[in-house]
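Below, chain A partners chain B and then partners chain C, in two separate complexes.
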Partner chain A sequence: MKALDNLSFNVYPGEILGLVGESGAGKSMTGLAILGLIEAPLSISRGKIIFNRQRIEQNANAVRGSKISMIFQDPLVSLNPLRTIGEQLVETIRTHIKFGRKEAIEYAKSLLEEVGIEQERFDAYPHTFSGGMRQRVVIALALAPKPSLVIADEPTTALDVSVQAQILELLKKLCRERETSIILITHDMGVIAETTDRVAVLYSGTLAEIGRTVEVLNNPQHPYTKGLIEATPRIDANSLNSKLYQIPGVMPDLKEIPVGCPFHKRCPQYIKKCVEIKPPLLNERAACWLLDTENGIL
Partner chain B sequence: MVLLLVALVSFIIFRYVGNPVDNILGQEATMAQRAALEDALGLNQPIYLQYFDFLVSAVQFEFGNSYRGALPVAELILSRLPATLELAVTSAVLGVFFGITLGIYTAINRGSFISNFILSSSLIGVSLPTFLIGVLLIWIFSVELNWLPSFGRGEVIDLGWWTTGFLTMSGLKSLILPSITLGLYQMTLVMRLTRAEMLEVLKQDYIKLAYSLGLTNKQIYFFHALPNILIPVITIAGLQLGSVIAFAIITETVFQWPGVGLLFINAVYYVDIPVMSAYLLLVGFAFVIINLVVDLTYLIIDPRLRDNQLKSEI
Partner chain C sequence: MSFLLVNQLSRIFDLSEPWILRKIKGQQKKLLKAVDKVNFSIERGQTYALVGESGSGKSTIAMMVAGLIKPSSGFITIDGYNFFSPTIENNIKSSLRKSVQMIFQSPYASLNPRWRVGDVLKEPIKAFNLIESENGQKRRVCELLEQVGLSERDINKFPHEFSGGQRQRICIARSLASEPKLIICDEPTSALDVSVQAQVLNLLKDLQKQFSLTYLFISHDLAVVSTMANRIGVLKQGILVEEASPNKLFEKPEHDYTKMLLTAAPDIKNVSKIP
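Moving on, here comes the complex of A and B:
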């Protein structure tokens, strides 16, 4: 079984790349794979993960935390409940940066300040914080070792809508200041539109479409991307009482990914070739035979 | 409350089990002799009065005289208590220490040959009855190898209010076999619990976050996972310490360890009611104290419980 198959993309310094797709498309798996956190019985059988010209797929230890860190979905369970946030920050800092205790505490407090938490809360336990505040702590933790890439796995899914925007803004601001790249994993096209520079659309473990966010959203090339955009709820006068578009069917189970394009069974525009051969990424944009104009598909 | 109930039960059961008068005087005593003895022992008073007397004196640590030895029960138990406590504490410490260590080891190295070996041999610890383990150990280490003594406490040093076997070579040697016998079951239990809890905790998001932050395995296992398994482990270990004290009876019998358990067995044999009820009360008391300590350690470990505590006090 393949959870991710032939998926390839780049992240450039300082950019925010969105990974979008339905549940089970392989978004989180991608994030975990980059950090070498895939657990048995799964493993990376093939492929390369290259970071700063070095392959890291077999020794992610070297970059974990220090160069690449991760933010998880549910801040309520992301922090160790038995230790103060200060302890957890200082621990992470001192693991990666040669700081004395005092320096580490100073640095931890300045980080707290930056993510919008009063320094007095340094000795507080996680349960005394709200979800949004805890996600701020997690962001401070993830940024503490000064990584050059942060993988944010649905960082705002578990939060209130009003808090979501704050957290995304904060993450964006802090990473821009530090020139840290972000891989933002989400299923929310709205979040993609507001936050990311480029977006990669994942379907069933493969890349469906990739490109600059503006272009992909305004002029989607892959039928799946079109469907995702259609299916995004809007709040405006026209959409009142109108029924929300749904992509028909469900994503195939990993055990029975069809031959050809994995999306063809749900695709409104599929052609014979889609059933037979899996499309490669065409025009450096989308994996869809409809773009294959040279060979005269129709 | 718990203690009152235990006291009631121990009082009632032993009031109706056997008749001490028969035992002391034998079958051929005259009615007058029996009546005189019943009078002296207070057995002819109404039940509730007997219970009340029992409670009042129990609070004063006064359990009357042993029917058989005619010694004060309190004195008898106190003289035996150090032996039992030393044995129980040693085996509990050994059991908890090795239990947690091996539990963590087998959780971390899941599926490795050594882990599987430890796990399957731990089944022996769970399934073999204590007395059999004791007898086996005696056979191997005392009879065949002749390394360690098979019975008694060895030389003890009298500290006035306490006698200890910790300070002499023969005392320590005598302690080894009984404490292994008594601690083996606790160890396997704690080990399996630790392993299960550890596997559960290692799946948590904060462990994933700790990994993704690049913390070392040592940091993750000991500072993030271990504290989070302590509450269930301490709960069980505490309950087990109680049972270790209570069920030291068997081990003490096998090794002729001069502790309270052995005293109790002999008391049962001779229907020595005051000794038996005092022993039951003592065990109940130990359970209550241990549970109190366990509850207090919860507060030390978990800040969330601490805060609830503060809130409920305000």
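Moving on, here comes the complex of A and C:
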């Protein structure tokens, strides 16, 4: 079974790359693979992950947590309920940076300040924080070792909209100020639109489309991206009387990914070639045979 | 007269410690006003949406409308009958139960994993004594499956054999089994993917037309609400702070909280803001 198939993309310094797709598309798997957290029976069978000119797909220990860190969906699960947030921060800092206790405490307090938590909360336990504040603590933990890449896996899915907006704003600010790159994994096209510089659309473990967010959302090239955008409800008083566009069917199970383009069974525009051969990424933008104008398919 | 009328509805939860501990520690009673004097009404065949963040009292109102918890004060009438009135007759009470049904947020949690789809759909038919004969029940189940876009062949399958969207269709079919007039949809698509969400929302719209259903639609997602509701009520900490038609609410929101919700909601239209 292939969870990810021939997936290639770059992340540039200081940018926010969005990974978007429906559940089962391989978004989280991509994040875990970069961190070397793929465990048996799964394995990386082919391909390279290059970070700062070094290959890390077999030995991610050197960078995990220090150079690349991760923010998970549920902040309550990622914090230890029995230890104060101060202790947890200091532990993380001293694991990755050679700091004495005092220095570490100083640094931890400055981190809390940076993510918008008062220093007095240093000795508080996670359960005394609200969901949004907990996620801020988790962000402080992720930033502690001064990573150059942060993978945020659905960081705001468990939060209310107003808190979500604050957390996304915080991530954007940190990305600008620290020049940290962020891979933002989400299923929400609205979050993609408001937060990311570039976006990669995943479908059944393959890259359907990649490009600058403005271009992809305003002028999608892959029929799946088009469908996703059309199907997303908008805040619009006139949408009441019209129906939402719906992509027919569901994403295929990993065991039943069809030959050819994985999307062709749901695609309104598929041609004969789509059924037979899997399209590569064309024009450095979308994996769709419809873009293949050179060979005179259209 | 409106089909559903909610009048000065309040619900207070008692969160205080047991009496004896309160006396020892010298504490007062701790009361939480989950819903505070809420008024709204829905006309037959219309959709009313309640929006608000977690803890705003949306689901508490839904539970009271469904007759699952008792209001602390105020009343609700459905088709002119008050479910919690002390003088209500038993046969009216049971017909009210039949005419109000609910669809829950997670189709993974709201279907018994050990029941076949046929049994899930037969349960309301049996519970309300709607159809006596075994064959008749089966015919009705097939009819229900077809109405929500599933097929007769699915009758012997278990819930785990379906995707999230299909499971939500089963839940919708179950809620339709007793031919209800009012369906309470409590975040019916928040556990679903975008493309599946569109399918389920469209299905709900079709069914509303077909059976002239009235919906009480609960959601935190203003974009979803804008595609479904004729009227929208905004809840904040148990208080209905603003109520308006979608036109007015989205063009000219009055309350600060509504404005905040509208600016905070991530919207795909906002892509042009990025430099």
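Here is the rule we go by: the second predicted complex is superposed on the first by the 297 of 298 C-alpha atoms of A that agree within 3 Å, B and C clash if a C-alpha of one lies under 4 Å from a C-alpha of the other, contacts with A are read in each partner's own complex, and residues count from 1 in each chain.
We adopt the following convention: contacts are C-beta pairs under 8 Å (C-beta built on N, C-alpha and C of every residue); 3 or more make two chains touch, one makes a residue touch a chain.
What you are looking at is a predicted structure, and each value in this text was computed from that prediction instead of being measured.
After superposition onto chain A, partners chain B and chain C are found to sit side by side with no clash. With both structures placed on the common chain, the touch criterion links A:Ile185 to neither chain B nor chain C.
With both structures placed on the common chain, the touch criterion links A:Ser78 to chain B but leaves chain C unconnected. Judged by the touch definition given at the top, the superposed model places A:Leu7 against neither chain B nor chain C.
Look at A:Leu111: by the touch rule set out above, it reaches neither chain B nor chain C. Of the two partner chains, chain C is the only one touched by A:Ser162; chain B is not. Once the two complexes are laid over each other on the shared chain, residue contacts for A:Asn218 go to chain C alone; chain B is not touched. Contacts of A:Leu228 after superposition: chain C is touched, whereas chain B is not reached.
Think of it this way: put the two complexes on top of each other by chain A, and the tightest Cα contact between chain B and chain C is 5 Å. Shared contact residues of chain A with chain B and chain C: none. Here chain C touches chain A in the complex through residues 53-54, 163-166, 193-199, 201-202, 205, 220-224, 226-230, 245-247, 249-251, 260-274, going by the rule given at the top. The part of chain A that touches chain C in the complex is made up of residues 22-23, 160-162, 164-165, 168, 187-195, 197, 213-214, 217-218, 227-229, 231-237, 239-240, 243-247, 250-251.
By the touch rule above, chain A contacts chain B in their complex via residues 35, 37, 61, 63-66, 69-70, 72-74, 77-84, 91-92, 95-96, 125, 127-128, 138, 141-142, 144-145, 151. Remark: chain B residues 204-206, 208-216, 219, 223-224, 227-228, 301-304, 307 touch chain A in the complex.
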